[in-house]
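Right after this note come the structures.
The same chain A turns up in both complexes below, where it pairs with chain B and then with chain C.
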Partner chain A sequence: MDFYFGLAQIIGVHTLIGLSAYIVLLTGQVSLAQAGFFAVGAYAAGMLTVLAGWAILPALAASALLGAAVACAVGFPALRVKGLMLVIATLAFGEGVRLFFFNFDYQVAKGGVKLGPLGGEGFRQIRYFPENGWTTMDVMLFIWAFVVLTMALLWWFDRSRYGAVLRAVGEDELAAQSVGLNLTAVKVSAMTVGGAIAGLGGGIYAHYTTHIEHASFGILLATFAIAYPILGGLGSVFGTLLAAVFVQGFLVEGLRFLGDWRNLLFGALIVVAMNVRPRGFLDAPTLLWLKRLFARTGGGSGAA
Partner chain B sequence: MLDFLQALSDGVLFGATYALIGIGFTLVFGVMHKINMAYGAASVGGAYCGLLVLQVMAGAPPLVVFFCAFLAGGLLGWLVYLTCFHFIPITNPLATLMATVGMLLLIDEIIVHTTAGMPMAYPAMFDDVMLRVGEFTLRGDLMMVFAVSVLCMAGLLALLYRTRLGLATRAVSQQTVAALLCGIRVGQVNATTFVVTGLLGGIAGAMIGASVGTLSPLLTTPLTVKGLIVTVIGGLGSVPGAIIAGLMVGGFESVLQLYRGVTERDLYVMLLLFVFLVFRPGGLFAAKGGRD
Partner chain C sequence: MLADLVQNTLDGLAAGASYALLAVGFTLVFGVLRRVNLSYGPAIMLGCYAATFVHLHYGAGLLALAAICVLASVAAGAYVERLCFAPHGKGSAIAAMVASFALWMQLEEVAMLALPRHLYPFPPLYEGGPLAFAGFTVRVEALVMLAAAVTVCALLWGILYRTRFGVAARAMIDSPVAAELAGINVPRISMGVFALASAIGGLAGFLISASVEQVTPMLGMWSTLKGLLAMMLGGLGSLPGAVIGALVLGLVEAHSQWFLGPQLRDFIAFLLLFILLAVGPRWIRSRHG
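For the complex of A and B:
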């Protein structure tokens, strides 16, 4: 059973990083920096609980805030350039963060053991959960509480004026600008919210793996982050969840019997999926169809 | 001072390969306004295909290997066009971007799978030649890399500015709709651009293999990042910009490797990019207005 709980933990964290890219994608910007914010959150939360002895919740709050602050700071120069330039700028930023942690040493001796990040060796012994006697199930429920909370928040955003503003900028910048929207403010705010979610996800990730190193935060993770919302479709937050479950649950775990070939399949599947469904699994027509379906069955049971 | 000059010259010579990769990104961007993220991987893939010759014909001269890498690169470029651009609606930039990222992972994994992840030795030419001026040396293999790259760039510029195909390519890049109205087959021009950039990528991959001495799948990520940085610094869509920026980035990283070590080197290249983004977001040779 612990295996499935572990899998659910992975899916939860990946959903969080996917959601962090989702809100940025809504404004039509592709950010490959989410892995960088994730790394910042992971190292920050790990250092706070291990070195400063904080409890998990304040540490996660701090990592989310730090992720937001970094994203906001990156957003201003990076968003001066549009579209494809942003892809490159954020890609370089993400790699920059990874290289920073590759060269980052900050060790403190605690009870005869040296703890803390050590460059290429990574950051070991982030043992908050085991030390406080959390079981795998507790951790899983803890993670999913945050996933549900984040999804609810984004779902509510989508239905509020803010969501409409984000989508307006994403659909047509010129039109959005001509109705008086401040493009930079909208994009940087989306980036900041995305950074907060990524920082939170990173903080959680650091604690359930107990060992983080720079290599985990490379381009592959950044790719996963934008792959979930794009594969799932930008129509709804559930698309991201669906894609994370599909990729992590089915492609990565379910196809383990294929051995090395599984990795080949992943790239090929993205290519095929984009050719067949360029707007993702849950695109606008599918969502409409689902909505009608639920409305009909809901109405039917109400009448009966 | 001598160390500095030595590092700078080595870096600039090696930078010629970055320039080739940068040209590939910039050309595709110029014509389609899209980024082909699979380009770095396809280039390394082309270089690996060159090695296949050694399997068939043991002891083939390096020139044959390079030529096969060149051809294989072109073929891979066409395949990337077909899988990631041809069938996906042009109005959906996210889907093409994601598809090329998928292609990047796929090519990377195919390389890892067929070579079992082991780095492979790559043949070089003139690697025993050393040009000495006092303490200062120029490595023969790096000079060969530089010469081949310059030759390819000259060929490309001739193709762009002296042939009908080049004229059509430039027309599509400037005004796609107008080019369409003039009877230029835009789809065909796009496909040809991918083949041409693929050919360049194949030779760039082979040159990198020749100057480093080994090929490894680990090359694809840094190559993609460096190529994209070169593209931005040079100005998106500008071929001369990519050439100058490539040589510049090569020299810059080599000098910083001398002073700050190999693990910190790339960090400073990223910083250089951000300096450009803040102070000169259009790059060295910014395209005049109206471009995204």
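For the complex of A and C:
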């Protein structure tokens, strides 16, 4: 059973980083910096619990805030460019963050053992969960509580004025600007919210793996982050969840029995999925169809 | 001190020479198709692995290996184009980029299934030592690569400005819609541009592998990132700019390695790119995709 709990942990954290890219994508911007915010959150939360002795919740709150602050600070200069230029600028930022942690040493002796980030060796022994006797199931439930919370928040955003503003900017910047929206403010705010979610996800990731190193936060993770919402479709937060389950649950774990051949199929299946459903799994017609389906089974109450 | 500075500058230019060809191939695809092909490096890596495979199992001369590198890179590039770029038309540059990233993993996996060890030897381009003059040294390989980059640029200029294919490609840069209306076979020209860029990449991969005399699985990501960095530093979509950007990248890396240490070398390069993009001069920001 622990295997499935572990898998659910991975899917949960990947859903979080996918959601952090989702809200930025709503404004039509593609950011490869999410892995950078994720790394900042991971190192910050790990250092707070291990070196400063904080409890997990304040440490996660701090990592989310730090992620938001970094995203906001990066957003102002970076969002002056758009399209593929933004992709590259954010990629440069993300790789910069990774290389920063590659060179980052901050070790403190604790009970005869030196703890803390050590450059290329990474940051070992982030043992808050095992030290406090959390079981795999506890950790899994803890992670999914945050996933559900974040999804609920974004779902609510989507139904509020703020969501409409984000999508307006994503659909047509010129039109959005002409009705008086401040493009920079909208984009930077989306980036900030995304940074907070990524920072939170990173903080959680650091604690369930107990060992983080710079190589985990490279261009691979950054591309996964934007692949989930694009693969899942931007119509709904559930698309990102669905894509994370599809990629991590089916493509990575489900096909593990294929051994070396899995990665061959992995790439091909993502490409096939993109070509068959260029607007994602949950595109507008599918969402409409689902809505009707639920409305019918729900006795016409239209609860969905 | 001054001698070190001069030697570092020479080393930087030599490293830049190896980035130059990579950047030219990258720029060709970006300039004409407005697409970022993340699989560019892995396709080159596949080409180099194919050549290494032949070299290990059958043995072949340098020229034959170069041909295998180029052909296998073109084949891999065509595969990427068919799957990632042909199906995604206007307005889905990002979907194409994500798809090309998915194929990245696939191409690397193919290469590593064929040659699973971490490091393989590659026959050297030139057996003799470096050239020395006035106490400074320059590797012959670097000169060959720089010459190759300049030659390829000149050839590309000829193709782009003196052939019907080139006219069609340049028409697509100005407006793909108008080009299509004017009767240009846009998918075919795209395919041609892609094949050309892959061939240049394959040549770059061959020269780089032969000058470092080894291939590793890192080659794919390395080629994509260096090509991308050099292209961006040179201002997008300009071929001479790509060569200059590559040399600038080499210089920045060599000097930051000398002053700040090897660990911070790559960090400085990315930092420079971010600053240039975000707050930098107009010429680098204006041509967004």
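Criterion: the second predicted complex is superposed on the first by the 299 of 304 C-alpha atoms of A that agree within 3 Å, B and C clash if a C-alpha of one lies under 4 Å from a C-alpha of the other, contacts with A are read in each partner's own complex, and residues count from 1 in each chain.
We adopt the following convention: contacts are C-beta pairs under 8 Å (C-beta built on N, C-alpha and C of every residue); 3 or more make two chains touch, one makes a residue touch a chain.
The shown structure was predicted, so the numbers you read here are calculated from the model rather than taken from an experiment.
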Clash or fit, chain B versus chain C on superposed chain A: clash
Partner chain(s) touched by A:Tyr205 [first = chain B, second = chain C, both, neither]: neither
Contacts of A:Phe146 with chain B and chain C, given as first, second, both or neither: neither
First, second, both or neither for A:Tyr43, with chain B first and chain C second: neither
First (chain B), second (chain C), both or neither touched by A:Pro278: both
Residues of chain A that lie at the interface with chain B and also at the interface with chain C: 30, 77-78, 80-85, 87-89, 91-93, 95-96, 99-100, 102-103, 119, 219, 223, 226-227, 230-231, 260, 263-264, 266-268, 270-271, 274-275, 278
Chain A - residues contacting chain C, complex: 30, 77-78, 80-89, 91-93, 95-96, 99-100, 102-103, 119, 219, 223, 226-227, 230-231, 260, 263-264, 266-268, 270-271, 274-275, 278
Contacting residues of chain B [partner chain A, same complex]: 29, 33-35, 83-84, 87-89, 92-99, 101-110, 112-113, 221, 224-225, 228-229, 231-232, 236, 263-264, 266-267, 270-271, 273-274, 277-278, 281, 292
Complex interface listing, chain A residues touching chain B: 25, 30, 77-78, 80-85, 87-89, 91-93, 95-96, 99-100, 102-103, 119-120, 218-220, 223, 226-227, 230-231, 260-261, 263-264, 266-271, 273-275, 278-279
Residues of chain C touching chain A in the complex: 30, 34, 36, 38, 83-84, 87-88, 92-95, 97-99, 101-110, 113, 221, 225, 228-229, 232, 236, 263-264, 266-267, 270-271, 273-274, 277-279, 285, 288-289
